[in-house]
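Two complexes are shown next, each including chain A; its partner changes from chain B in the first to chain C in the second.
Up next, the complex of A and B:
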């Protein structure tokens, strides 16, 4: 059996107490929620902490709420909670669908959206979609609360803008206006995506009103936005426009050889999955 | 503030409330197995195979990657609880009817995962079953009999209600 080394476990009952612990423990303490990433890293010995701060008992950090024109998701909300949230299904169906396909049911039952973002494992589904949706991460610390776009929060592999004395408290996702749709397509060999592509755009018939947001996740260290201007005002059946964006996605990524495939293979897949995502947003019946 | 590396927890294990002094570093799978509950198996120890699956508050979790301290205030159920009254659970009966096991290594995890599904959704489609069992690996059966068994158990349980 893989053995963890000893640590102290703190279980604050409020956000205020959790922040006090963060301020006190700094980089000696890890924030612990679902543990689906952290415990693996601790078991493998790639991370070691003297303190774990379990934030699941802070009621402020759980649940899904509609706030003005946004959906506010508490950081410690599990993937399973999101997969089954009627509010999310109604207001952000593409995100709910993505959540239904994160890893496996055991990971979804334990893992949280805030943990997913804060751990910043590149082979993850939510970051690309949240980037395409223009979502923001809410951070609390001694100096108060600040918000960052998801794409400015995730800096690289396992690297974020989170301070040692801060906590991710929520993910705030604007509800897209009527007529704007989103989708996420991925190819996963094991339980993590090899390539995931999120698209958000205003579609009428088979035509994009403006250039859609196209974001490639899991290939590079952080989600990448693809320039999709060739599709502004164009039909998805306009092969030249579509292939120009597919080509832009392939050119943008900088894959490396790893267990999910060679760099060439991943570059090729980036094009395939980008094409599928763009076709899927226009025609949800298209093959995935 | 906690200044020891153990935590006192009170949780229900297979219906019985227990108070335990848990080493923070202990994983749920180790603690259960030390208590003699050896149905859940260590295998991948990385959340990908499902051999260690138990139910925590009704949902399947990987006991290999869950801190034992997580049982505080919660309900853990393992395969050993299913025939505590002397009769097999309908999911277990269906696994036998469909020969949904060969070596049996994956079976406790499969059964606990399937049982959780049927508690969440008494009338799943075949596709729902396949989706729910993703991440539960069986090296023997080829899965078809397992899926048949889960659908059959669902029907039996619906009729019994």
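Up next, the complex of A and C:
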């Protein structure tokens, strides 16, 4: 029977109070936002905490704002808030589209973007996309505020650069310049993504202006950037250049056999999804 | 619809609809009993081990704990249950037989206290060799799982197969006639292959739960049981009580599908109550339910011999079922698989052997379809493979061999009460078979007939009240299928009453008459018939008393809708009762169905399966999308068409789960996916956009107004149909389900042969 063991629930009403609790409780306290991963892990006995710090009542941690060429997303903003945000739809449509397809409606209604990054479950959608978009994670702690690129924040499976006395306060995503397109393609054989590939790049006329950012998520423990230099300046009809990047993606990943598929199959899928993501950048009407 | 029917044949709204959609309908999990406490099972972490000792002191000393119940602590009570063979202990006795088996029950004042204390119970094991795979379990040197065999109970209503079983055989069934070897030798084509159907968890929204208490010497249980009368027998045996002193009450059930057939958690709750003297609730999580019952996986070796013109000459099936740790209902599934695998065809020579095998895995029991989906995967796919190799259209091949209405499928059994050829034509017409098809798509379809209804014992009672309204008492359970609605319609029609003047009381062994099971798609047909008989009986009483009151001969009283004519004068029921009793009163009618007369021949009816799909296959990823689903509901008459549609769509969708994504997977000695995140059941978004739920109403069933059962048929051919459709799309017929993307991708890689689309 899955039943939570006892814990004390703290409900700070401000970021300052939340940080005080973090400093006081250290690794005995878990940050609790949507709880979509944490509560399950607690019920299964995989994690145990004596204290939970519920940050949902800290107003500083919610909402989507446009700030100086970036979109600043409060860490406790839910996936549902993001999929329905007009601002996100206008400035970061590919991220909004991704959010529409995260897990299921129940998870999206509760789960948060900050929780998603901080829990660092490898089989997740947002980290690859945020990496491709050069997003940064804003962390607050006793020493003040610092920012880290998403790819430096996620260190491995369930492992991040977050300190015991810190909180993720926001995700800051640069708004891509005009002409730059982004996309995320994924394949899920079970509930979570088996392979997800994010691409951001500029197609000018019929050539790639520069090498696009290509990031493979959900296969390895953390998102991996694929070397896409063969596409820099290449024609969109240059199948050899495209296949070279597909090949690079396939070679880069180090999948393992699990319920969602064998390593072989996931390596193969990495190539397929990478190709489809690149084709989608070139032709947004191409089939998924 | 013939206009003499007023209520039957119409999609009247469900009687339980408003209560269910507003959350007011009571399920077992909603009930509370004063003084109720909670039991939580401590489960085995070994697949096969001797129990050396169980330390319960720390758990018993924990706050709010009343008792820790073990098999040893209740000795000499025999905690085993089982309706075929009584070999399944509610709590493991000296050995654990599978990972997840209940070893102890912690009873505490709250579920949390029980769960916390359960973590303090320490079980010391002496590990034994385990056998997880059925083929391995059949080998001579395999560990023997049931060295001391329990003799079967010998229930005459259960087709349980052979008696003298050895080794790890749980059951064995054989079917055969004709000279298979000679026929195969003479065949122009012999199709041969191995097929695998997965072991499944039949996901229901409500997991198993029960509340048990001993009240004035009677064991009272509220539970999610599909077959409360069968559970009553198990509990009576366990506690040495007469049937009259065991009362099993089943409120609304959140999904059955056969997974709630027979006894599950009722003994655990009853043992908790027996030890503590309190009413005890045992309510499982979905994860625990997955450790309670599953369906039998099957490995099928099949051969089919054909003449060049497509005529079936012989079929041979050798099937191994993985039946898990205990007998439960697997022998009956085994017998049904044997009856159903060769299909509704005229086959001159048949040889079938099905072996059900014990393994150290979650015990298997009933699940919707009951052997038919497993058998059809091989049987129907071989029809498709033969058609391809003989260059005959697979529809024509089936039409050449399918039984005609009234013809026997099994010797000396009831002839088929359906026109399968016509059903197949409707099905394939709807699917666009023979027309153009897009690249990467494929059409697949299948035909099955199941010997349904099970042993036909059903007793019903109808009470005609002083105001002329009627209530009926039946033992059938409402699992969501809509039985209370359909049975209300039958009573209303028979008594000539408006639908809203009828009520049903159901599934309380202390108050309602006997119903053997709510399974095998039987309720509309068999309970419907016993209710019809009860209605006729109460109408006879009405005529009798009206004649006596009027002082006329009984022949002068004639039935009218909702009343009688007495010498030409209309008396409604209320008037008859008023004249008879003066004040108040009621007339009671009883009816029954038993295995005699028109119900002597088995099965009571055949349940037809005629379903098909159009799929699109992304060969690069292996992802299969179902574009269209067609079902043919050959139900004699749809007493409530919308409910038949619901049954057919639900059954077919469940079949799509097994076809595409569902399989319980063992990783070593434990399940690798014992939760519904990793075990993927279909969602509403997986239901195809194009649905054709066809109804066929030929009034050819034995049930009321010509009805026959529904609810499983649409599922049975789905696995083979999806496999055939995928096969036509990628060029090679798959033999193993589920067709996960990886499996399809691998098949597409090793494409052999050429399949016409």
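One rule holds for everything that comes next: the second predicted complex is superposed on the first by the 285 of 288 C-alpha atoms of A that agree within 3 Å, B and C clash if a C-alpha of one lies under 4 Å from a C-alpha of the other, contacts with A are read in each partner's own complex, and residues count from 1 in each chain.
Everything below uses one rule, namely that a contact is a pair of C-beta atoms (placed from the backbone, for glycine too) under 8 Å apart; a residue touches a chain by one contact, two chains touch by 3 or more.
Since the model is a prediction, treat every value here as computed from it, not as a measurement.
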item: Partner chain(s) touched by A:209 [first = chain B, second = chain C, both, neither]; value: neither
item: Contacts of A:145 with chain B and chain C, given as first, second, both or neither; value: neither
item: Touching partner for A:67 - first (chain B), second (chain C), both, neither; value: neither
item: Touched partner set for A:110, first chain B, second chain C, both or neither; value: first
item: First, second, both or neither for A:190, with chain B first and chain C second; value: both
item: Comparison of chain B and chain C by chain A residues contacted; value: B
item: Which superposed partner A:272 touches (first chain B, second chain C, both, neither); value: second
item: Touched partner set for A:262, first chain B, second chain C, both or neither; value: second
item: Partner chain(s) touched by A:157 [first = chain B, second = chain C, both, neither]; value: neither
item: Chain B and chain C footprints on chain A, overlapping residues; value: 1-3, 5, 104, 190-191
item: Residues on chain A engaged by chain B in the complex (per definition of touch); value: 1-11, 21, 35-36, 39-40, 43, 52, 80, 100, 103-107, 109-110, 190-191
item: Touching residues on chain A, where the partner in the complex is chain C; value: 1-3, 5, 104, 187, 189-192, 259, 261-262, 265, 268-269, 272
item: Chain A-touching residues of chain C, taken from the complex the two chains share; value: 40-41, 111-112, 114-116, 118, 284-285, 287-288, 620-623, 665, 672-673, 677-678, 680, 683, 740-742, 745-746
item: Residue ranges of chain B touching chain A (in the complex, touch as defined); value: 1-5, 7, 23-27, 29-30, 42, 45-48, 50, 53, 56, 59-62, 65-67, 69, 113, 116, 131-132, 134-136
